[in-house]
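Presented sequentially are two complexes of chain A, the first with chain B as partner and the second with chain C.
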Partner chain A sequence: MTSLLSQVANGALTGLLYALVAMSFVIIYRSARVFNFAQGEIVVVGAFLVWTLMSAFDLPVWAAVPLALLASVLLGVLIERVILRSLVGEELFAFVMVTIGLLIFIRGVVLVAWGPEVRFFPAVLPMAAVKVGALVFDRAMVIGGALTLVVAAAMSWFFNRTQLGLEMTAVAEDHQTALSLGIPVTRSIAVAWGISGLLSTVAAIIFLNGKGMTFLASDIGFAALPVALLAGLESIGGVVLGGLIVGIALGLASYFLDPIFNGGVAAVFPFVIMVIVLLIRPTGLFGWKTIERI
Partner chain B sequence: MTLPGGVHAETYAQDRALIRTPWQWLWFAAFVAVLLLLPFLRPGGAVGIATVIGITLIAVLGLQLTSGCAGQINMGQSAFMGVGAYAAGALAVHLHWSFLMTIPIGGISAAVFGAVFGLAALRIKGFYLALTTIAAQYIFTFAMLKLPKEWFGQSEGLRMDPAVLGSFAFDTDNRIYYLVLAFAALMTYGAWGLMRSRTGRAFIAVRDNDNAAEVIGINVFYYKTLAFFIGAFYAGVAGALWAYYVRYVQADQFTLWLSVWYVGMLIVGGMGSILGAIVGTVVIRLLQELITVVGPQITDLLPTLGGQFVFAAMNMLLGGLIIVFVIFEPRGLVHRWNIVKESYRIWPFPH
Partner chain C sequence: MLLELTNVEVVYSDVILVLKGVNLSVAEGHIVALLGANGAGKTTTLKAISGLLRSEDGEVTSGSIQFQGVPIHTEEPQNLVRRGLVQVVEGRRILPHMTVEQNLLVGSKVLKDRAERRQVLDKVYGYFPKLVNLRARVSGYLSGGEQQMLVIGRALMARPRLILLDEPSLGLAPMIVTEIFELVESLRRQEGIAFLVVEQNANVALAVADHGYVMENGRIVLYGTGPELRENEDIKEFYLGMSISGHGKSFKDVKHYKRRKRWLG
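Showing the complex of A and B:
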């Protein structure tokens, strides 16, 4: 019984971590109408930035983490400036293709700059386990879960209550309409990519704290995909709920199904839930329903 | 498309012809001759490269039909290819069926798996659909590694015997090259014909605006499912040929990364055109080969870069190419080629 409870609780925490990565998808989507396939690679770049600053340059945590966060914001803004600015108002297909190109390109850059070796990610957050009764949790994941909730609340407020946030929402509706209303589309996209770069690095720190990592850590981008789609690509609060649903389902699946399939259910189960939910609600649980005109 | 000066169709048969002028016949004959004589002209490595290009071409053609022509973004092409490879492999290993049976059945198995995602495409659109097809990849890998060992060998995969026709075995590089060449020619001809048919035009209508297509009487549900069915059929045939080429089938050969490369080949070649799929596949594959050859030499000159440099450089090059093409030439290399062709056909007149 404890083992089931522990699987579910740890699953929920994993789900919240996925929600944090999914949130960086959602922020870009709901303020730029771009789905960033390269998100996982940006997480890896953030992770390597922290690693370089702390292990190679020997900076203390209080200096290295803010610097890495700043660098990842700049990376996001740079991507907007170099690539996306020339694509404002283009078709959906162009954005799919350009972010796929970015995915391949950043993977190459990461391999050239940092190589394929296994690195040990420094312990930015305390490593001691958290014990609640008989349940044991990874402390970084607990902090990460709490952080996800705080960030989600802050982002919902930002997008629903501030002038800038509302303008960015208008950009997501339609680039051309937003432009004709005098909203600076490129600024909106730049802010979104900046925030998303920041969140990616935070997610990397929580995910990899004190563990070994390679460039393959980018798989978290695809692992977080079902969470983003389940919730709907426009809803920030929905992402948290989506993360919890996927996480708890994961915990239950690995408890009940892993003995039948000899493990491995965790990788595929979120995608199965996602496909089923999308067939019933094609824009996810909380996505915007768009009316299409000819 | 303009024809060279003085060429007019006088009968329907002429109007429908694919090859219209003596020069076109000459170039086409030369091209076919080079393909047929390749093992004699350049034995060794070139034949292997050409075989891989042929197999890749079939998969990319399928992706072109689904994504480029019918507008349904598909990131699961490599999983569909894997389904074809496993289906053909299992039939050949367990039931000892001839490749003449297993390759089409491999294609149809992949097509049925792909059509499931086509059914979803009626309701799920745009980004949601592109991401749903990624689920195909995860479901495929999981299923192949977990289904009973007697079927697909789980993590050990399937070991295949060479394809046999009567007493003739396709067991050398040259022989398998001709097999792949025959299939690639057949599938290219099929794709070309499809795009000139009612079905191809319906695909384009659905791509350009599916609501408008529905209003003018095109059965959108049917054509979206069909687009996935045909695209996945191509992938399945490619997978089955791959199984006979490397004679080993394993889930790790069919990764999401491969699907991403296929999309990249389409973008560089040109979306929505059969010639684009051919050009993109050949150009990217040759670039890959070039880097594999030149890479080690660069690593020798600059040892600090390390052995992984080759793989990394390949990624940077393709990623960079895709980004540059989307921004500066979204219609791909084939669009450039068409501009050049138009201008030399009417030369020396300006228009």
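Showing the complex of A and C:
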């Protein structure tokens, strides 16, 4: 029983981490209407930035983390400026191909710059386990889960209540209408890429805190995909719920199904959910449905 | 002059010449109607003024566009809105997943602070009392007339001097169309806002317009005051659907090949 509870609770925390990465997808999609397949690679770059500053340059945490966050904001803005801006007005297909190309490109750059060997990611967050009754949690994941909730609430507030957030939502609705209202569309998109880069690095710190890592950590980008699609690509609050659903389903799957199939089901299960969601409700649980009046 | 176009030429995708030297002007606080058949270049003219042309691979290749005496044809749309020139795009382009109030607030980008936004918002609600009760409603579910009110209201949020209004009557019931043009008239009277209105419905547009232009094939072919144009034989025949005697026309007598549009000759 404890084991089931532990699987479910840890699954929920994993789900919240996925939700954080999914949020970085959603923020870009909401403003630029670009689905960024390279999001996982940006997480890895963020992770290596932290690693480089702390392990190679021996900077203390309080200097290294803000610097890495700043650098990841710049990375997001840079990608938007250099690669995606020239595509404005092109077909969706062009964007899909470009972000896949970006994935391959960044992976190559990471391999050249940092190599394929396993590195130890510094412990930015405290390592001691959190014990609640008989349940044991990774402290970084608990902090991360709480942080995800706070960030989601802040982002929801930002996009629905503040002037800049409303303008960015308007950009998500329709670039030309936003333009006609005097909103600088390209600047809104750059802001979205910046926020997204920031969240990616935060996710990297929570995900890899005190663990070994290679460039393959980028798989988290794909793990977050089902969460983003389940939530619907426009909903920030929905991402949290989507993350919890996927995470808990993952916990249940690893408890009930893994013994039958000799393991591995938990890794596949989120994608099973994703396919089902796409078949039944392509806009996800909270995505923007096409409004048709009769 | 508030707005002045001199010999404006517009080319799309570097090859398609759409405007072939358009001259047009709008005086402070005037309502000017721009009439013409489909594909005459009316919407392109508006987009050339508002700067939206460039997002569609169009370009002003010659001539000049001046707003309040300043050349603007290379200006970004956001700077034009700041100067007081807003386009209401054709087809009631609300932001469908946002609420009515959010839609309006998005339009107030150029205002300084929250207090000013509130103040202008209240004013807009004063002109559109219907929208007050709908303020928390998702705008995609409003009726066509309400959506048209909303996009005009949203343009007002930028405190414009000139609104470019593209086909406000599109797909609306005649009563609503009348209501919208009465509103345009009262905004001009009370706020001194000038309008450049593109319309297919010549009758209702010329009823409120101080001046009107008729476009054909990328050129201005006719110009006059509202009443002059309404009395013009060609306008009556081709846009108001009346026979020369001034009475309603029967489809039995429609023989367009008999009377050519004289301005094409």
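The rule is short, and it goes like this: the second predicted complex is superposed on the first by the 290 of 294 C-alpha atoms of A that agree within 3 Å, B and C clash if a C-alpha of one lies under 4 Å from a C-alpha of the other, contacts with A are read in each partner's own complex, and residues count from 1 in each chain.
Methods note: a residue touches a chain if its C-beta (ideal position, glycine included) is under 8 Å from a C-beta of that chain, and two chains touch if they have at least 3 such contacts.
Owing to the predicted nature of the structure, the values given are computational and were not obtained by experimental measurement.
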item	value
First, second, both or neither for A:Leu229, with chain B first and chain C second	first
Which of chain B and chain C A:Gly108 touches, first, second, both or neither	first
Which of chain B and chain C A:Ser86 touches, first, second, both or neither	first
Touching partner for A:Gly133 - first (chain B), second (chain C), both, neither	neither
Which superposed partner A:Asn160 touches (first chain B, second chain C, both, neither)	second
Residue contacts with chain A in the superposition, chain B compared against chain C	B
Partner chain(s) touched by A:Phe261 [first = chain B, second = chain C, both, neither]	first
Chain C-contacting residues of chain A that also contact chain B	293
Touching residues (chain side chain A, partner chain B) in the complex	29, 35, 83, 86-87, 90, 92-94, 96-98, 100-109, 111-112, 115-116, 222, 225-226, 229, 233, 261-262, 264-265, 267-268, 271-272, 274-275, 278-279, 282-284, 292-294
Residues of chain A that touch chain C when the two form their complex	88-89, 160, 163, 166-167, 169-170, 173-184, 234, 288, 291, 293
Residues of chain B that touch chain A when the two form their complex	71, 73, 120, 123-128, 130-132, 134-135, 138-139, 141-142, 145-146, 209, 211-212, 215, 256, 260-261, 263-264, 267, 271, 305-306, 308-309, 311-323, 326-327, 330
In the complex, chain C residues that touch chain A	50, 52, 55-57, 76-78, 80-82, 86-89, 93, 95-98, 102, 105-110, 117, 138, 140-141, 143, 154-155, 158
